[in-house]
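First the structure, which I've put down as structure tokens, then a few questions once you've had a look.
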Amino acid sequence: MTLLTLNAMQTNIEQYAVLHDVTLTVPEGGVFVLLGRNGAGKTTTLRSIMGLWRPSPGSVTFRGEDISALHTAEVARKGIAYVPENMGVFGGLTIEENLILATKTGKFDTARLNRIYDLFPALKTFWGKQAWSLSGGQKQMLAVARAIIEPRDLILIDEPTKGLAPSIIDAMADAFREISETTTILLVEQNFHFAKSLGRDMAVIDDGRIAHTGSMADFAADKALQDQLLSLSA
Amino acid sequence: ADPIKIALVHGISGSTYEVFSKQTHTGFQMGLEYATGGTMEVAGRPLEIIIKDTQFKPDVARAALAEAYGDDEVLIAVGGTSSGVTKGMLPIAEEYERILLIEPAVADSLTGEDSNRYVFKTSRNSSMDMQAQALALAPDENLFVATLAEDYAFGRDGISAFKAALDGSGATIVTEEYVPQKTTDFTAATERMFNALKDKPGRKVILIYVAGGGDPMGKIQAMEPARYDISISTGGHILPVLPTYKRVPGMEGAIYYYYEIPRNEINDWLVKEHQARFDSPPDFFTAGGMAAALAIVKGLETAESIDTESLIAAMEGMSWETPKGTMTFRPEDHQALQDMYHFKIRVDDEVDWAIPDLVREISADELKIPLGRTN
Amino acid sequence: MTEQNSTGALIVKITVLTIGAALLFAPFLFQDVRSLEVAARICVFVVLVASYDLLIGYTGIVSFAHTMFFGFGAYGAAIALKQMGPGWDAVMVGGLAGMLVSLVVAVAIGLLSLRVKAIFFAMITLAVASVVLVLASQLSDFTGGEDGITYRAPQLFKTATKLAVDEDGKVLRLFGVKLNGKLAAYYFVFATSLALFVLMFRLVGSPLGTVLKAIRENEARAEAIGYRVVSYRTFVFCIAALAASLAGTIYAIWLKYTGPDTMLSFSIMIDILLMVVIGGMGTMWGAVIGAVLMVLAQYYLRDLMGAAAEATSNLPILPELLNPDRWLLWLGIIFILLVYFFPRGIAGTIMQKGIAK
Amino acid sequence: MKNLTQILARMGGVNLLPVAVAAVAFVLIGVPSSWVTLTVAGLAMGMMIFLMASGLSLVFGLMDVLNFGHSAFVSLGAFVAASVLTWLAGWLGADSIFLNVMALFLALTAALIVGLAGGWFFETVIIRPVYKDHLRQILITMGALIVAEQLILAVWGGTPMAVPRPQFLEGAIILGDVSIEIYRIFAFLLGLAVYVALYLTLNRTRIGLLIRAGVENREMVEALGFRIDRLFIGVFMLGSALATLGGAMWAGYETLISPSLGAEMMIVVFIVVIIGGLGSIEGTLLGAIMVGLVGNYVGFLMPKMALASNMILMMAILMWRPSGLRPAVK
Amino acid sequence: MTQPSLVTKDLTIRFGGHLAVNQVNCEFLPGELTVIVGPNGAGKTTFFNLISGQLAASSGKVVKDGVEITKMSPSTRARHGIGRAFQLTNLFPQLSVLENIRLAVQARSGDGWRLFKPVSSYKELTARAERYLEATKLTDVAFLPASALPHGDQRKLEVALLMAMEPDIYMFDEPTAGMSLDHTPDVLELIAEIKHDKSKTVLLVEHKMDVVRALADRIIVLHNGELLADGAPDEVMSSQIVRDVYLGKSGEAAA
């Protein structure tokens, strides 16, 4: 089952054409990984899905419905969560308040909250603290926690591992694996090791175009292709 | 024949005082009409009026006046609205050697040291207001006054003129309160005045001399001065402000003009025509504007020839009729001496505003207006 | 490819140079009284606006006390000319006194409060400026209070002064323009304003100018790479204050009148703000364009509207709206539209346009 | 020393400031009746300023919008209410308390409605393009202020307008030497009601949180599924309605109003918001009361200083607490 | 024996009751590259902030080349040769990439107070800025405003700014976070080069183990604000305690 389709999406930022042609089909369930060099257009793709940039021409279809003209808030209410690359935590609000805003009703689901405490113990420790005072990695945790505090259909995550300590990354990989059983995750990642361990399908974006799509297993096996698209010769 | 050009240099945008300027313009226009019998011509030459806006900015006003004299070549300019702006205009008249007739700005200093022989003034000045006000209190040993004024030159000058007028009458000033300009809460000053007055014997009066809004009279009245036998006195005001006087029936003071007070032909005509044309009675500055126009026409008619020097010669010491009776340009400083009116407030539910009934006319001779300057 | 070379920048520069030329020849090009007043006012306000732009546009300091410094300079000259009589010594004493007072006040405000948040700083300057305004009105023996002071300018600038005479001893005319003191006064205003403007222009193009922009953009980072932010801010605040003070002195000499409404009032502050924004913040070119447009609007929009109202007098409603007394309404509307459609001001927007991709 | 601060903090901290000021004033004034008169008048004045300032504080503190056009709403409210009252002058003069109250109620309601509508217009047309950009906010709202003042001038004319007041609000209650104006009591009660309502809305609902988050990062709040634009309009409308309400009350106090009324109150209103600390309604109330009290005490004790008293108060408080008395946001 | 260029003595900061950096004693030598690791929230960035002056220590001292700098402002410390790049990108967003770098160069040369000559006449400055532009491969985007750069390039610019300051002490806070694999080697190479100049001291916070292993001369471990371990890379990375608090199971895989 396809969950999300991007049809020949072009996005301009001011006068610059950033995405030239992004066509992508994200199936329901599992982790779909979007790879690409710096400046390739990954972030722009996610923002275009959220309606934070407007693709034109091109469209975004979610569960068969064209959402490319919807307001960002409406897109979010379709069940799509977004973790931006700059994390987007509300520095003036406490961790609790940051998380409350991400819930539908203003009340926490205890089970989910406990799962988040397990995953990111620091959030529990600093529960009532204003978010600006968190460390870089802790902010990243909060941003991810906000996306998973409620059940969603699709989570767009932009580089969640940056700045996180190895042990946390491992825990997060486990958590994503668990979540992806019920929720689709569209993951943008530079940490290939992390991406490889999670992804089922993947695509590579280069200079605003989709340069490759396929299964993660195949891509992981094809060193030449990795080298060509991502300079992963290491 | 060549027109005689007259410029009206007033603030007609940029401040809420612009309505005063408009009253002046109306009065001026009607004055010319009345004086020329509707022909708008003097000595066979048509009168042309040019309107300039000072925007209530002295620098703009100076440019506007210079332009009127220099580019438009007007013979006489009439203006300005506020004293500060007008003060800035004085040297321009001297520079261009043309007449500036001041109306409706009030400050005494406009005919003072910084003024010059090209400046005439038909509007009243603060000394007239305050002396008339003092006379309206019928001062004697039995009178105790607390004064309230705004803390700047205008307020302080007014109060010293008032004190000067009381000098020798035996009346006592118990306290002088000065509040910052634009004050809206007078509780503190009123408490101070109550405290200073309440134990005094005899007649106790709070004299209010506040030019801006803030309605100190209403606010002091709300604190019920009557419980200490204190009464309020203040000058009259333009019509839109008179409704607030409904709170103080019986109050006495002095006023510059109220359309029902003066009894003369010119005023009758003015009231009738104004009522007919605008469906409202004329106000302070309508009368003032008319007086200015009448002065100019009489000056032009009596001057030997139509040029600045002859005009000055004609107007120095000239007496002429206005809606408020006869006015005379004092030769020394060109201030027009004029009558004032002692009034008492009457409330009539049928009338929108409180009515200042005439108690007595305070004639120009009774007022000892200090000389501003000698030419 | 940099901003400096875009076609838009070229247009802006040519415009400004044209304005400069027009101001240089103003007495000859426009031979009426009003035009000369307008030209002189433009000169002074270009300096005032440029100095304010140093603060707001380049360094990101919002101050409401700029007219206060303008006033110090003006009152310095005015009081000196009044007390000492017309003469260059009075101009010097007054101008220097104004600058000294400006400098002291600027240093005090700067050191005390440039550390606080921008909006608080703005409010503190507003508070100081209103206290000074009140002082000026209360110390009326000195300042003439609300009514201000009139005085005479040095002999050279009197209209009656003849710079050159013909055989009959009458004042010589050049292209129909009388070579009298008024002309000398105008060129005094023009030359001093130009000098001040050029100085500020050099300043923003210098390394210091870049540092100021850096402070505006990211104060903490500027500090982290080694710039002492508070010193720079205080310094630029003082420079701007001095320039404003000098502009005040010049204007006081030109006007021969100094009063709170022309030199101190909050409405001048608003005028300056409008000029900075209309022209474009963070460019000295913009200061020129903004000052010219606003001053022209102040003097001519009225007439223009009068003409428009006349022309449309047989249409419904329009003449009512175009009533010349409502010119401020239109100024306000134009202003909103400018902020709306030209967020970087006229100069900023045009310069942006031409940048090749 | 430390203990003392702690004890003070427990007893209410900065909230005690007005009490302290009143106590000092009591000693200095020495005449109890004057002190009571001044204190009550000052409290009521504070409440009226609070009414005018609360909208600004809401918009400025929560949405980080510096609305210089706020004063236009104050003037607008004053004129709308004054017009309605003039129109209903018959009811005001009537002996029936009911007609009196109805006239007042209609006047305030009209002011509120105009405020809501004006706020909607203002947000969509004027403010929307300049969120997050203080400078352009100052400028565009100043432009709007000019336009609004001119429109008011065009509609109501420049002559001062006298405001009729309902009969039952006239006069004062006299207790011995103490006089308490009835209008001030009314203003005090209305201000208190507004404060309580605002306090509950902002602290008992998620709205306050959302607005604060939206100011910081609008995109992110939208990405969480909230229509922040609509919320902002709502807040703005509320802020403007509070301004018109404040203006209406002020008109009744002033009894003689002119279009520059709003602009004249603006500096005081800004001072109050800043003294109080950004974004907190509690702070604004505290600031307003401080300004009201200090103004009256200083006016009585040292009339020369009355004008500077607000400025000095503000600077002193900013030196002591650089973000105001009770800032909501750090 | 070389003198340490930077010393911290009992360096401590508390936020309310929370000790973010707790009595850290450390000496750093010129020519040495020290990697600082530790779990999220361990106090690494705070430690940097204390050295470069963004935060004021509650107690303890920072000494550079024998001079105590604990009470100095960040700008004064920068002028004493302390340079740092930030974990969360922290640039001059509206200024062009070139201007960003030129500012750092200019700060170094003390030209900030030059008032009247145009910037362009300082050829030397521009030339030096361009060198760093090339070194970080940002030449193509030199005239874009920094805010328009993709995340990866902003990280590079952050590094370029630090390089352009030419300090004695270089402090990098996760310079390669979010950088793609084709760019990372360039940056690492730059850092390695600094180390070769034997007079410079480098401090590096990094979570990527391959980077740590490739560059580190020495590793110190922070945990809950305390100095947990300090020593040669192999030794530290293989210690049980580091695995427990920091590496988790990936540590086992790596070891």
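Labels A, B, C, D and E are assigned to the chains in the order they are written; within every chain, residues are numbered from 1.
Just so we're on the same page, a residue touches a chain if its C-beta (ideal position, glycine included) is under 8 Å from a C-beta of that chain, and two chains touch if they have at least 3 such contacts.
In this text, all values refer to a predicted model and were calculated from it rather than measured experimentally.
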item	value
Shortest chain-hopping distance from subunit A out to subunit C	2
Farthest chain relative to subunit E (centres taken as mean CA coordinates)	B
Cα-centroid distance, subunit B relative to subunit E, in whole angstrom	75
Euclidean distance of C-alpha centroids - subunit B vs subunit C, Å	36
Whole-Å gap separating subunit A and subunit D, where each centre is the average of the chain's CA atoms	45
Multi-partner residues of subunit D (each touching 2 or more other chains)	307
Overlap residues in subunit A, where contacts from two or more other chains coincide	16
Where subunit C touches two or more other chains at once, by residue number	134, 326, 328
Interchain contacts (touch definition) - all pairs	A-D, A-E, B-C, B-D, C-D, C-E
Contact set on subunit D toward subunit B in their complex	31, 34, 37-38, 41-42, 45, 93, 153, 157-162, 164, 170-172, 174, 179, 181, 183, 253-261, 264, 295-300, 303-304, 306-307
Complex contact set, residues of subunit D against subunit C	66, 126, 129-130, 133-136, 138-140, 142-147, 149-151, 154, 267, 270-271, 274, 307-308, 311, 314-315, 318, 322-323
Subunit C residues touching subunit B - in the complex, by the definition given at the top	32-34, 37-38, 41, 134, 137-138, 140, 144-148, 150, 159, 255-257, 259-262, 267, 298-299, 302, 324-328
Touch list for subunit E against partner subunit A, complex	15, 37-42, 44-46, 87-88, 148-153, 173-174, 177-183, 207, 209-210, 246-251
Contacting residues of subunit C [partner subunit D, same complex]	56, 62, 113, 116-120, 123-124, 126-128, 130-131, 134, 270, 273-274, 277, 281, 326, 328-329, 331-333, 335-336, 339-340, 343
